[in-house]
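As structure tokens, here come the structures.
Next come two complexes, and both contain chain A; in the first it sits with chain B, in the second with chain C.
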Partner chain A sequence: MTTTPSISGTELTDTQTRALLLKLTVLADDEIILAHRDGEWTGHAPILEEDIALANIAQDELGHAGLYLSLAQTLGGSDPDQVAFWRGPDDYRNTRLVELPKGDWAFTMVRQFLYDTSEALWLEAATRSTYAPLAEIAAKAVREEKFHVQHTALWVERLALGTPESERRTQAALTELWPHAAQLFQPVEGEAELTASGILTDLNAVHARWSDLVTRHLVDKCGLTLPDAPATQPGRDTHTEHLAPLLEEMQRVARQHPDAEVW
Partner chain B sequence: MTQPQSSSPDTQWPRWEVFKQDAPNRPHQAVGSVHAGDPQHALLTARNVFVRRPAAVSLWCVREDDILTATPEELTTNSALLDTPGEAGTYHVGVKRTNKRSMTFVDLSGTVQASGSGDALRQAQSLHPDVLAWMVFPETAVVRTDEDPGTVESWFAPAKDKTYKQQQHYGVIGRHVGELKRAGLMPGRAASEEGA
Partner chain C sequence: MAEGGRQKAECPASSAISIQPSAVWAALASVPDPEIPVVSITDMGMVRDVTVSDAGRVTVTFTPTFSGCPALHVIRDSIEQAVRDLGVTDVEVRSTLTPPWTTDWINDDARERLRQYGIAPPAPTGEGQLIQLDAEPTRCPRCGSLNVRMTASFGPTLCKRMYVCDTCREPFEGFKSV
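The block that comes next holds the complex of A and B.
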């Protein structure tokens, strides 16, 4: 490949480019699928204000996916719309955490909290990437993500310390979601080399910071119990039965009108 | 006051009036309200609802119960509003000057020292005699966003980058009225004045 982008002095090798493309896809896929699940609350959230709030959060997450996929496109990836709307469940690389059905409000908020905290910590570290385009994306997205964390942390706290019913639902949500959470910190193929060269942040360090942060909030502050998590996680190419119907709904309009230029 | 027909208790969260400041040195303006269970929830919700676009630099929330409002007509028929009790201290005064703005309702115009809500309203009335409505609330009732860089960066900065589109930006069927006016195709006053 002779057209490997060279930005701010960082020359990517072909191997690095391939790994970075995969990483950007993985990051975008989580954002897209979670945004869709959040969007399912539109018109159904507990109160109008939270309906608007969650729709806004979903838009932010989709915006982050757009940033990742645009960068991937400059590295030789496909057009972002192609990536989002023309890949099936076998090609999506999102975590199982984000594809599970939306559940009740407690489930939605606990999932969002687990995800937002991991994204905020990862983005914060990624602002120090030696690969300038990624550092710029991270600097832009981390601002929104820090606000998301505040919003969902507040909700988890209110629900966990609210009524016996809200506490029961919050604990049930955590019990179901927790075993999936570690998958967020699964490296992609070739990630180690990108980390060694400073292009990507050390995922293990982010994982440790995340564990500390969520444990302090969920256990110490909210009085919830962390269940056991499995020692190993399936790969990001393994999905639950819930992803296919989600994609079918999400991609319906694009696939019904493949020639549409503006929509 | 009319009593609610239903005997079931009101389970709605309290309503909070939201005040947004668009730039330093501009007044905080009432932009609408949110329902929220506590002060921090009110602020977070206000940010989600009112600070997407355009830019803002500060948000205040004030519980509806802590706010006293009156129109000149209301004061004529119910002067007892001027005796509304409240704690002595600093009160914020807001005034509504026009019905023509679509996105803000009341501008905060400053503070007064008052012996209670009614006294603050009386001072608001004498400071601003010719307005559509007055609003007063004690300084102690205000919940504010932090002014630290972290809050400003995550609550307000992202909106600055987002394109804010006025309603008229969005497409219309046929041609936009402004376009027709410029082409002299709008019937009525605009066209005839131009021709005069």
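The block that comes next holds the complex of A and C.
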């Protein structure tokens, strides 16, 4: 996690800096937690190729988290390793979507598809950020995310149109995950001001494009049914009981060896 | 341009070894990509800039291929070591994300070496759509056939995918177009 953008962006006000720090943290937290869930398949995926694919995807997501947290550090945030390994569940700001246990293969692929499409569309819009360091990160990450979308879109299609059992599992996964996916489009505190100044992309516009894209794929192409999403739901500071044990495992080595420099 | 004697005469007070950027580029051209050792980091287009200050400080700017590439630390250390081996003591290695790395920067000579090594070189990137379900056409590096199947869209490293050739029956790795 050492990549640092070489050119600085526009001058940010203190309020903007605070809001942007929070936004970068929530983006990174989603990537870190989802990467950990993906990593749980290492050695357990249904076939070797998928074992490798999911490890690749997790590695990309961690790379993106590294970019976000390195930028956050230049804005006064803590060292990326500190942020990842020394915050507890009360301080993590990931969505509940990404912390749910990995479930079966259908659950993993549907979740990854919902997440990857939202990330790819958000990044694509963020390449036009008026804040140069963020636009640079987005331009880099969106190229990688494209491969995730290709991969998971194909898997969801294969499972939904496969056997009655794979279809049943895919629909069950979508029914459980869909309400949580809406959380990806909750703005952070202060986001409106950042959007007004062009630093962040308009989240509602991304949400609309995402709904259109996933509906075309999941409903029109794969024949799945979208459940109703809840009108309101708790924010990113509310977690399920699944986050604490995840962090305990993820952070165990770092906390046992706080002075380690070489891993 | 390289007239060492004349330069020395102009800077008699400086004890630093005067070095030309071209010498640094030449040294970096022998630093292998840690994951694909038949090509160097300059073949891959990862080295973006080399500058030498009046005081003799060498600054190398490189760009990562993939943001999660685990070889980044190795590459950074290798760059620094290659420059130090030239007798330079003041070395700075910077990374940049802009413009983002593309496989279009891999030079023709390196593409041929990749092919001989058994890795299908990347197709030109073009202006692809965000959601593309069809992968770019790929040629078998062994027999040249286009009658190939992708068997896995991810491979042993972030930059590659897995294929099998239906003409010569050999499995092979192919570079993604990024």
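Here is the rule we use: the second predicted complex is superposed on the first by the 254 of 263 C-alpha atoms of A that agree within 3 Å, B and C clash if a C-alpha of one lies under 4 Å from a C-alpha of the other, contacts with A are read in each partner's own complex, and residues count from 1 in each chain.
Here is the rule we use: a contact is a pair of C-beta atoms (placed from the backbone, for glycine too) under 8 Å apart; a residue touches a chain by one contact, two chains touch by 3 or more.
These numbers were taken from a predicted model, which means no experiment stands behind them.
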Side-by-side fit of chain B and chain C on chain A, or clash: clash
Contacts of A:Ala139 with chain B and chain C, given as first, second, both or neither: second
Contacts of A:Phe147 with chain B and chain C, given as first, second, both or neither: both
Which superposed partner A:Arg158 touches (first chain B, second chain C, both, neither): first
Partner chain(s) touched by A:Leu213 [first = chain B, second = chain C, both, neither]: second
Chain B versus chain C as contact partner of A:Ala260, first or second or both or neither: neither
Winner by number of chain A residues touched, once chain B and chain C are compared: C
Chain B versus chain C as contact partner of A:Ala231, first or second or both or neither: neither
Touched partner set for A:Asn56, first chain B, second chain C, both or neither: both
Clash-bearing segment of chain B relative to chain C, given 116-124, 152-160 or 170-178: 152-160
Residues of chain A that lie at the interface with chain B and also at the interface with chain C: 49-50, 52-53, 56-57, 60, 140, 143-144, 146-147, 150-151, 154
Contact set on chain B toward chain A in their complex: 13, 34-38, 40-41, 44-45, 47-49, 52, 150, 153-155, 157-158, 161
Residues on chain A engaged by chain B in the complex (per definition of touch): 47-50, 52-53, 56-57, 60, 140, 143-144, 146-147, 150-151, 154, 158
Sites on chain C touched by chain A in the complex: 61, 64, 66-70, 72-73, 76, 94-101, 128, 130-133, 135, 151-156, 158, 162, 176, 178
Residues of chain A that touch chain C when the two form their complex: 2-7, 49-50, 52-53, 56-57, 59-64, 66-67, 120-121, 124, 136-137, 139-144, 146-147, 149-151, 153-154, 213
